[in-house]
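By written order: A, B and C. Residues from 1 in each chain.
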Amino acid sequence: MPDWLQNLIQTLILGLSIGAIYALIAVGYTMVYGVLRLINFAHGDVYMVGAMTAYFVGTAGFTVLSWPWWGSPLLWAPVFGAVFLAVFYGGGKGWALEAVRAFFVAAAALVFGGLISLWIGSMDKPGWAGVGLALVAAMVVCGALGMLIELLAYRPLRSSPRINSLITAIGVSMLLMYGGQAVFGATPKAFPAPVMDNPFLFQVGGISLGKIDAMIIGVTLVLMLVLRHIVLHTRTGLALRAVSHRFDTASLMGIHIDRIVSLTFVLGSVLAAAAGVLIACKFPSVNPLMGLMMGLKAFVAAVLGGIGNIAGAVLGAVLLGLIEVMVNTYVPGGSQWKDGVAFAILIAVLLIKPSGLLGGKAIEKV
Amino acid sequence: MALLEIKNISMQFGGLKALSDFSFAIDQGELVGLIGPNGAGKSTAFNAVTGVYKPTKGQTELAGRRIDGLSTVQINHAGIARTFQNIRLFTQLTVLDNVLIGFNQSGTHGLLGAIVRSPKFAREREKFKGEAMALLKTLKLDQFAAWQASSLPYGDQRRLEIARALATGPKILCLDEPAAGMNPQEKIELTGLIRFIRDRFGVGIWLIEHDMKLVMALCERITVLDHGETIAVGTAEQVQGDPKVIEAYLGEPEK
Amino acid sequence: MSVAGGQLPLETPVRRHLSAPLVANWWVPLAVVLVVALAPWVEGGRGLLGMGGWDKFWAQIAIVVGINLTLAMSLQLINGIAGQFSLGHAGFMAVGAYIGGYAVPTHGGKLGAEDEMVAWVHPGGVLLYVVALGVVTVATAGVVFGLYKLVGLLGRVHKRGPAVVFGVLLAWLVVDIVTKGKSAGSNPLGAIAALGWGSAAVTGSFDWIMLRGVGAAEWVSGVTPAGYRQPACLVVSLLGGGVMAAMAGLVVGLPTLRLRGDYLAIATLGVSELIRTTITNSGPLGRATGLSVPTYSVDAEAGVSAVYFFPWVYGVAILTILVVWRIQHSPKGRALQCLREDEIAAGAVGIDVTAHKVLAFVIGAGLAGMGGALFAHYIGYINPKQFDLTKSIELVVMVTLGGLGSVPGTIVATVLLSLFQPALQTANQWMPAWAPGWATSGAELLNKYRLVIYSLLLIVAILVRSRGWLSFGRGKKA
């Protein structure tokens, strides 16, 4: 096999792997945009929280259960709830009660994470099992986080002009980033990736497929198939599609809008968490600011494929991953332009076909 | 040759043919109507002529100059103004500002003049304010001049939209369902207003309406559309008795 | 309540959303700005609260506030008055900062007696650089635009023509790069001969102008009286930065015309990031490490510079406020507001939507460029990280919290937000001597978490301004 072809295939595999990560995050952006027409700036930081959670769980450092009673989430959940009711009560009982419930769910998620962390701590060689458990814990915690964010920051602004929600989204993003920095410190942490004697799954004719890359692509495929099943073959998925087509009409059809929107956020956050864990396995360094750039690029991927379209998000993400890796490998000095590639693509898409590769055209009725 | 001549305009949206072979002419000072059942393509015809859509086929000429394919802005500068089916006022601006906007294109001071507040700027500001107030007075809206446009009653909002269109100095005025949402009293006033505008300003008025009484009372000539095609043209009496028109509105009589 | 004659009682609905100005009169902004601007002068330079005047705390804050006023007001023109949601204002600021920041040390200095580079003495040189850059940029833009039109003409001949040509070129580029690999000396732009020739032409003509203009530059500097050379350098730097940023605004405004709302926001974001990436990859501009910029000081003594810079900062700030205010209250400003409300109706009334959008971007960008140049000369050291998305967002927040379209509101919001971080940072020093221990440690905590507090305040502020107090869950707002 000629050298350049070997090189090319190796690059393509890497691109596919990166693209898979982008896809997991991009789907979250696209689903939220499809349902609420909102760009969820905080989504990239949910990905970061997933990675950080997996780090703490994986190093058996998720010590929520050992917090003293006055720091325990089990206490703070009802306290927060009571505060919200007191400050914002004004006929807002429904929302406030949901807020209380959401905090309880978040507390439960944290407890779950703590339990997983203890379990991992009890294993002497966590390895792949540890990664798997950390993945589950991260997905649960981020799912709860996504639900909480939607409820507290976006739902009260649903009837306001969209710029308000956009700025709030930015505020939540900053809160997660700087809160993470303040609590965990800005120095990157080393993720406990599994130690392997043979890092390659197989090597054929000079082309090698790493185990981690294979895992990334494999896990992404599985999660995407599950999502596809949910969206296409379940009643909830049908409701989701209905809401993303016509928000108001869907509620007239008896669909519980709030629940669907919440579910959308949960699904997106779960996938983002998986992305965070997977990338931490590949590049084992996590820090609170890792979500910003990643989120932006995944967002570009979603726009490239047609924002609002899940298949489009996956397509755009894979394309972006491939192009980015190819620029990095083949263009001299390309490693510095790598980040700019995403934005160049963004501009190009917005100029040539703003609705993306798989998006449709909308005509405004005058 | 009429002032505005529309020759065989067609409008196709993908697979849907919204307007086929629409021809029409209107001269200065004429009062003409366009009617038809819902979805007949009346607003599409307006939009195709005023530049919101680009006609798929056909030509439009204003005073002999081709205007099809130009943008709304260019067509407005050429001399056609329009109002909208759902009132599109600038709600956050005052009533006076809404009308002043129409005079924007007549100003000659530039941006620099505005920034340094040159004498020309000051002069033009006074001049246009005077003209705008005069226009408001003619349309009996001057007492609302400082009000926010959105706080006007519905009928007055429609009149304001017409005033704004008139401020651009058009030769042809296109009114898209001006009587929508009005009660009978307001409709009578509107009839008088439209006639008054034609007499006072000498513009040609092209009207889309659903209210038959209004159209029959006002229009010298009426075109009837159905499913994008012209099915009848004539005076009010001619169109009223035309069997094709009756069929389009009421369906076929039971056999 | 009786309802007479079919008319409902008229009342303006309570507009509790982001267009409602934070402050509606001029006294508050005036007072606030005066306090900030005069604080360092109090007590003969000792400053307010005795915390040090000119070379310390208050001077720096006052200057930062002044620069932020320029930046926020220029953004108000784009976001507030014209209603175009731009998230890329930091990019325009960066253009101004880097152009001014590069031109002055590289071209505005001369070798002095001890073979040492003396800054701020060669305004002609700075002028030459800026002119050369401007001419080459305009020429390149013209050529690119011409090519674009040419390709468009090709599209008239055959509908798929341009797409085919573009696709073939792209495929050629990709195949060439892939098969050659990352060999030293292979230039991706050279892969397609025309592009390689084009880039050589651009750099070549720039160098040619620089070479030919040396004499004229010397003449200009000679003609300027000695004492005025430094201010002249600064003026050229500011104007040059502003003009180049305005051109960047043109480049941004034209293609993004068709985009609305969210799409426009992310397009501006993308352009800003592209500008940053270009800077990060540019050797002369210092790449990621950054560029050292001479500060505007008359006396080399550290800290005296602020006094002399102060009038420039506030001069530009006041100019910006004046320009934006005058535009807002002119027919052009009215047109921009109509654009903000309803583009289709605006078009129907004869307002050239395209031209006005571009106008807003160009002027807003130009003013931001001047602010950026001021920033560079104040801070003395610029790197791409200072102009990232976070900076754009800071400016958007200042404009939005002040009220979209409200100049006085923006002034107040800008001052308050600019004071926020320094206030928390130095909370320790604010504490009077007798304050209890927990207050001091509380102040330290405030400092550590200040960005977190900032984000929380932002969220709460938006929620409150959108919905009013105590009305969560009460239903839709007016």
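Assume a residue touches a chain if its C-beta (ideal position, glycine included) is under 8 Å from a C-beta of that chain, and two chains touch if they have at least 3 such contacts.
Note that the coordinates shown come from a computational prediction; the quantities given were computed from them, not determined experimentally.
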*Work out the mean Cα position per chain and let me know which chain is farthest from subunit C.*
B
_Most centrally placed chain, judged by C-alpha centres_ = C
*Taking each chain's centre as the mean of its CA atoms, how far is subunit A from subunit C in angstrom?*
31
*Can you check how far apart subunit B and subunit C are, centre to centre, with Cα atoms defining each centre and the answer in Å?*
42
*Where the centres are mean C-alpha positions, what is the separation of subunit A from subunit B, in Å?*
51
_Where in subunit A do residues touch two or more of the other chains?_
366
*Check each residue of subunit B and list the ones that touch at least two other chains.*
52, 84
_Numbers and ranges of subunit C residues touching at least 2 other chains_ = 344
_List of subunit A residues in touch with subunit C within their complex_ = 3-4, 7-8, 37, 39, 87-88, 90-96, 153, 156-157, 159-164, 166-168, 170-172, 174-175, 178-179, 181-182, 292, 296, 299-300, 303, 326, 329-334, 336-337, 339-340, 343-344, 346-347, 350-351, 354, 364, 366
*What residues on subunit C touch subunit A, complex-wise?*
17-18, 85, 177-179, 181-184, 186-188, 255-256, 258-259, 261-263, 265-267, 269-271, 273-274, 277-278, 280-281, 344, 389-390, 393, 396-397, 400, 404, 448-449, 451-452, 454-456, 458-459, 462-463, 466-467, 470-477
*Over in the complex, which subunit C residues touch subunit B? Could you list them?*
6-7, 10-13, 19, 322-323, 326-327, 330-335, 337-338, 341-342, 344-353, 359
*Mind pulling up the subunit B residues that touch subunit C in the complex?*
50-52, 71-73, 76-77, 81-82, 84, 88-93, 97, 100-105, 107, 111, 114-117, 121, 128, 148, 150-151, 153, 164-165, 167-168, 183
